[in-house]
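As structure tokens, here come the structures.
In what comes next, subunit A is part of two complexes: it sits with subunit B in the first one and with subunit C in the second one.
Now for the complex of A and B:
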């Protein structure tokens, strides 16, 4: 006997990930960037490159803070590892700056492994993990301020040297291309993760840790993997920043401001989504830029105290209306619509 | 064969489980009954590796389990459900079950096939793409069973899966569980619904204040005077 059963429409691949339109828009945006860099004035070219860097960094944080749900506030450490490594290689003429990249990634990986072992060995969860990683970042910053090798509080200049291996270009166009490639790469990696055992384990860990363990998930190991992956990718972003700006300082590279860009980008766009942190990172750049421009209209070039307030207010309002982030809320709405409009069909 | 030997669990001065031993062959359904606070859930926590016993050992087919952490016990073939359901709320029903299925495979398609099959078995096939956050309690209980079953266990430890269901629903879940048992999976039940205990159990253990006070067939245990006094509040004078 066949019975009528309520069957819910199976969501499509992109519908579950924010909708095809959003993906097309993002692809269009990236293609446009690839097509027109020579037409943009150098200032906006730099801003766009930085925006892509924010998007990339937010996606890096998304692995540990989004998918795995562990609120890391220490990712500035690994950003700093990347940017300082670039500066050290150039300033002390160790080797071409490009070789600082593998060095930074390996160093960040090992450091993250040690940090993860300590944090998760003592079962630091939730707010305790957040505070623990925040303090570690602060310790690293203070070490940098007191280290002659790292240039103390003045930071380091990454001396310009000729050649492709030193990433010395006439303009920012190559950097823009590299950042586009990194963004595409990390979004692809996120999509791959969403279909892998590691990805499922990470989300299960975030949603209900003990239930995940009951299903055979080694949650400590998953946290470790997520943290190390996030750290190594963040170091790549830090390296790109160091190579682009050619100047590193503890007051920015190792500060909470860098971590907050990553966290806000991911939270704003949607934690635990592939495209969310990319969208969020671009928005963070746009808001910062808008406020800087506002500041210059009223007579100051720096982000004034008033602008900082607007900055904070903007995030509060967005989070109020999109608690799951912009893309995250979009995905949730699609899920809601599937719930209220089930399709009846024969089994 | 799942064996528990001389299990003690003490929390400071409180003895939650006191010298409990039993054997559970995979071809039997074993029920554990007893009043609230008797130590049933703690005993389950020991069997599934969530709680280290203060004394005593748990073996599965001769392998020592009680030294392993929970995720390794699960990989050895002991799957548990939680009395208070613990879904992954922001994942779909299918994805919830796939987390369990990934315990035995690295492959996405294989995991999805296993999850689909399991969801058909427990009767949630119509709600695959619902977020778990939207399920009703009876469905969440089924989801708990499905997640556990997807790990392809040798034993299923079910902690009050019938609670909150009416008698008709209880019997339909019981039929589903009997079907699973017929596939060769050993079942341990913690249950308050005596109708279900009587229907399903090959053997019943009654705990009171952490101690095993009776063991036998369902009719023997439910007729026992100590059990009636401790659990059902029947005073035999």
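Now for the complex of A and C:
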């Protein structure tokens, strides 16, 4: 009598990352976006661009919060650096707005380096790191509200100037293309990270810091790298937002709302997966847009508050029912199926 | 002139500080006993402010008499919320719990905005108008009353924690939940009670704040951050720490306001707390657990 033997199969490349179907769907979605922009109306074009921006930002946060497992609630600072840099360059006519991009990335990198050096030198972790970065973001916001250069609480208008270097286009199509490129880029970067030394170090750090240390991983260095990379990429996203919307204000650009979009996209999709934050960011956009549409359909102003309330409840529900995120849950289920698949042994 | 500004800041800072200490004690209890990162405390404070306002405007109650309605209902709501909702998040990772409570905070804040709109409202207690004057220092009666009520509730909390059976049970839960369970305590229930008491502290703080400042929904997040900041500064898990932290933060804020740097007061406090995080993560007073 031959017993069923439970054999663990080594997972395939896509199986380990959410399944081939999911990847095909995501690439199909991106290709579709490249094909249709001239066919859809400008409003939805803008919404789609913003959705891709959310997906991109969630992927940025994923580097520090997902792979490295450090719950940063301060990424709004770097988003603000990007968008404010764009607005300052345009508003004060410093240089073409495109030059704000390298300036923002360098500034965000240096700032993140300083913050990381301080935070990780004194080994802030867990809730301390979360609250600490949240406090830093609040400090930056208060400074922006009280600074004339940054336009106080009214914010800054990025004056429109002609020319390609000022990223002034007739419609949002170029922005959509740029965002598609950025999303593809960051997913590719995540995939590369997953099989690089740095990526493995990050995962080791996330799973158990002391064990990682014992294995010779310089965890402080890894955290620092993850934080700086995440910050610089976030600044690119902030810059794109500033160039697209052409208006920045501390009440949004530096607020918890932006951080929550990033964190929620990543958590909903699946922390520490390459495709998860992309999926999550798109879903966050769809939920927001759905709630706004419902609000304007019902047609009272207080409904927007109700929409925000459902948005908050949406977080609560996601955390209760998808603690590993959608893609994360998929991977887990696939792994479970593999583990229990009985295989008849030949004798 | 400078001295008198400092004095004004000191006196009103101490009175405000007592209210802040109450908020922080609420946050502390929830974290220590129930192990809940209670970011939603700001929303509880906000809702207590609205409760006070409507008890005053619709029922014609004096704001400080409304305490007999607001505080017990806050306790019950806090208890039920933990028992049926928050406890479900306890099995997830610590950072997910932070997000969970931030989500709750956002939901409750915007529920308030939906119900009551963004208009600023204020409670006017008729017999608390006017002020005491000692030389250059002017203290509003409302400030005195707020400080006094907060002090009374803080003293009651201290008595409850230090001298009663319930207090000892809460201590046991905070120090070692498994041990407490083994000795026959209902840890789950005690956690819910702790969350109820946390909401009660928040509601009394909200009630006192309602007489001091205009009420509008956007401030919920700020209150949460304040509660967290004060309890961390003083030392998580220490009630004496919360009081010390509250007084310190209150004095800093009030002094800054008296000197005309009101806008930067919060930034200064946050920076101070961030530095405390770095060099003394245990806070000013190291905890003997709640």
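The working rule: the second predicted complex is superposed on the first by the 330 of 347 C-alpha atoms of A that agree within 3 Å, B and C clash if a C-alpha of one lies under 4 Å from a C-alpha of the other, contacts with A are read in each partner's own complex, and residues count from 1 in each chain.
What we mean here is this: a contact is a pair of C-beta atoms (placed from the backbone, for glycine too) under 8 Å apart; a residue touches a chain by one contact, two chains touch by 3 or more.
Nothing here was measured: the structure is a model prediction, and the numbers come from that model.
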>> For A:219 in the superposed arrangement: first (subunit B), second (subunit C), both or neither?
In response: first
> Of the two partner chains, subunit B (first) and subunit C (second), which one does A:316 touch, if any: first, second, both, or neither?
Replying inline: second
> Who contacts more of subunit A, subunit B or subunit C?
Replying inline: C
> Looking at the overlay, what does A:263 touch: subunit B (first), subunit C (second), both, or neither?
Replying inline: second
>> With both complexes overlaid on chain A, does A:128 touch subunit B (first), subunit C (second), both or neither?
In response: second
>> Identify the residues of subunit A that lie in both the subunit B contact region and the subunit C contact region.
In response: none
> Contact residues on subunit A for subunit B in the complex?
Replying inline: 5-11, 195-197, 200-201, 203-204, 207-208, 210-219, 272, 335, 338-339
> Which residues of subunit C touch subunit A in their complex?
Replying inline: 37, 85, 88-89, 92-96, 98-100, 102-111, 113-114, 117-118, 217, 221, 225, 228-229, 232, 263-264, 266-267, 270-271, 273-274, 277-279, 281
>> Looking at the complex, which residues from subunit A come into contact with subunit C?
In response: 65, 69, 71, 73, 118-119, 122, 124, 126-128, 130-132, 134-136, 138-139, 142-143, 145-146, 256, 260, 263-264, 267, 302-303, 305-306, 308-316, 319-320, 323
> Which of the residues in subunit B come into contact with subunit A in the complex?
Replying inline: 48, 50, 69-72, 74-75, 79-80, 82, 86-92, 95, 98-100, 102-103, 105-106, 108, 111, 125-131, 134, 147-148, 150-151
